[in-house]
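This structure is in C-alpha cells; I'll ask about it shortly.
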Amino acid sequence: MIKPQIAVIGSGLLLENQKEYSLAKELGEGLIDKGYRILCGGLGGVMTAVCEGAKTSPNYSEGSTIGILPTLDRDLVNPFIDICIATGLSMARNQVIIASSEIVIAIGGGAGTLSELAFAWQLNKPIITLRDTGGWSSKLSDQKIDDSRIDTINSVDKVSEVLELISTILEEK
Amino acid sequence: MIKPQIAVIGSGLLLENQKEYSLAKELGEGLIDKGYRILCGGLGGVMTAVCEGAKTSPNYSEGSTIGILPTLDRDLVNPFIDICIATGLSMARNQVIIASSEIVIAIGGGAGTLSELAFAWQLNKPIITLRDTGGWSSKLSDQKIDDSRIDTINSVDKVSEVLELISTILEEK
Amino acid sequence: MIKPQIAVIGSGLLLENQKEYSLAKELGEGLIDKGYRILCGGLGGVMTAVCEGAKTSPNYSEGSTIGILPTLDRDLVNPFIDICIATGLSMARNQVIIASSEIVIAIGGGAGTLSELAFAWQLNKPIITLRDTGGWSSKLSDQKIDDSRIDTINSVDKVSEVLELISTILEEK
Amino acid sequence: MIKPQIAVIGSGLLLENQKEYSLAKELGEGLIDKGYRILCGGLGGVMTAVCEGAKTSPNYSEGSTIGILPTLDRDLVNPFIDICIATGLSMARNQVIIASSEIVIAIGGGAGTLSELAFAWQLNKPIITLRDTGGWSSKLSDQKIDDSRIDTINSVDKVSEVLELISTILEEK
C-alpha cells in the first residue's frame, strides 16, 4: 500500500515571518496527522516550512518528507527533508513532483509554482489552493487553467478545509 | 554564427479556419523573411501553422523549422518540420523549447503554453504575445508573471509588430 | 538526517526462480537490516526482488522502498514499492535513480543497467557489482569504465560482502 | 522531408593532434557530402571535430550541425554548431541526442559515450563504431550490448566504410 503522496508547492523565497510560512507549517503538520506523505521541491520557503511543520505532528515518522531537487547535488536539500531525490533536470524536475503526487496543494507562488500548476492541470491532478496567500494561488482561485477539464482549481481559506477536501477526493477515488 | 532561434508556442488543437491559425502562418512566414529559425513543439495547431507559414517565405531554406517533441517517437512530427528533436520527456520537453530560444512568441494557448510562459519568465527570455488571440496570451498581456523581473510580457496586436519587437530586442543584445 | 539511499539496479526481466532473483531478495533484506533505504527503477525483475526482500527484514518500516518510474503513470509500480516517483522521462529517469543515491549496487543487467553504471561512474558514485550474476555486472567486474576515476568498480561474490563494503564506504565519507 | 539525422558521439576531451580528432573531422565532412544532418552533444573533442569537418564539405549549408547541450546555457556550444538545443537536463540530454537520430556513430569514448550507446541499443537505433579508436567504440566492436536485439554493433575501420554502411541502412528503411 502506497501512502497518499501529496505535493505542496509555493515560493522558495518566503521569509520566516510571513503568513504563508506559518500556513505552510500548519499544512505540513496536518498532512502528517492524516497519514499522508509530503512531496515538495526540496528547497526553501514553502518547501522548508511544510517539512518543518511535518516534523511537529505526533504522527510523524521518518520518511514522511520527500524533496525533489532540480540539481544533481543532493546537498542543497532543506534540513527537514527525509528523502532526497536529486534529478539534475533544472525546472523540468517540476514534472516529477507533480506526476508523483495524487493531489497538489499550492500556497502563494511565482513562475515556478505556475509551471507546476499548469503541469498538474494537464495531468488531471486535483488542485487545491489557499485563497489568500497571494501569487498564483490567489490569481487562479476557483479558476480553470483551460477548457480541457470540467472541474476548477479548488480554493479554500483554511488549512482545515484543505485537509477535508483531500479526504473527500481520496475517498472518491 | 547561430541564426536567432525564435520559439513559437500556442495550442496544439487549433482548427485550420481559426484566426489564430492564420496569424500563426503569417508569423511563420515573417520570421523566415527576417532570417530567423523557428522552434516549436513539433505537433499540431499553432505548431503546424507557424511551420506551414515558414515554407511560404521566399527566404525559406531547408532546416528553418525545428520541432521538439515530447515523445521518443520521431514520427509524430507535423509535415512542415525540417528538423525533429525527439525528447521522450513528456511535458518536461517544454523546458528544452524555451531554453533553446532567444525570444518566445505566444499565440493563444492553454495549460501547456502556460507552463512554457512560466519557464520563459524564469529563464529571463523576452516574451511577446499576440494580444487578442485568447487563452494565456490574452490573459497575460502586458503582465508580469511574478516580481523577479522588472520587465513585463510584451503584447502587440499584429504580426508586423512582433517582428519589429524581435528586431529591437536582438539589436539590444 | 537522511538515511543512506542505496540504488539497486539490474534486469527488469528476471524470473522468480532465477539465482539473481534470490540474490536480489537477500540483498534487499540485508540493506533494510542495516537501516538503509532502497532506490530502484520501480518495475520488475531485480527491482521487484530487492523490494520483496526488503519487506522480510525485521527492521523494515513503511517508506523503505522507492521506485522511480520511467512513465508518468504511477500504476506501473511493483507491489513492494512504498514510495512511487513517476518521472515521465523514459530512460532519462536512470539519471534520477543514480543522482539520488549514495552508492549503486548492480546485479546482472543489460543495456538499461549499463546506462545506469555509466551515469554512476560519471557522477563519481561508488559502484558495487555481484560478480557472478552475468550481464554487465560480470563484464565490468573490477574494471574502470574510463580513466576519469582512479578507483574501479568493486566486485564481490556474496551479499554479505556487499553489505560490509557499503558500511566501509559510508564510514569513510 | 526530414534530412537523415546522424548522431556522432565520442569523448569531449580529444586534442586536435589526436588521430581520433582527424577521423571525426573526416567523418563530419563525409556526412555532409552525403546530404545528412549531424547531431552531437555540442561540446568539445569529437563533437567539435565532427562539426569542424562538416564545414569543409562543399555540400555544407547553414543548419547542418546541431549541438544538444546538457546545460540551460546556450553559450557553451562549440563554434562549429549551427543550431543550439539547450536542454538543462545534465547527462539525461544523452537521451535526446539518441532519440532524435536515425543512426548513431561512435568514435572512441568514455562513460558518457557508453551511456549513449546503451540508450541507442535500447531504442533499437543502428550503431556503427570506428573499430580502432579506443574506448568503448573499440571495446564494443561487433558486440551485442544485451540479448534484446538480434543484430550487433557494426564496427568498421574507415570513414568511407561508415558512409557506405549508413547508405545501406537508410536504403533498407
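For clarity, chains are labelled A, B, C and D in written order, and residue numbers in each chain start from 1.
Throughout what follows, contacts are C-beta pairs under 8 Å (C-beta built on N, C-alpha and C of every residue); 3 or more make two chains touch, one makes a residue touch a chain.
These numbers come from a predicted model, not from an experiment.
Checking A-D, C-D or B-D against B-C, more than half of the residue-numbered contact pairs recur only at A-D.
Interface comparison, A-D against A-B: more C-beta pairs in contact at A-B. Distance from the chain A centre to the chain C centre is 29 Å, each centre being the mean of its Cα atoms. One inter-chain figure worth recording: chain A and chain D are separated by 41 Å, centre to centre, where each centre is the mean of the chain's CA atoms. Chain centres here are Cα averages; for chain A and chain B they lie 30 Å apart.
Under the contact definition stated at the top, the residues of chain B that touch 2 or more other chains are 72, 88-92, 95, 99, 123. On chain C, the positions that touch chain A within their shared complex are 2-3, 5, 37, 61-64, 66, 68, 72, 74, 77, 81-89, 95-96, 99-100, 123. Residues 72, 88-92 of chain A are the ones that touch chain D when the two sit in their complex.
Taken together, the chain D residues at the contact with chain C in this complex read 89-92, 95, 99, 110-112, 114-115, 118-119, 121-123, 135, 145-148.
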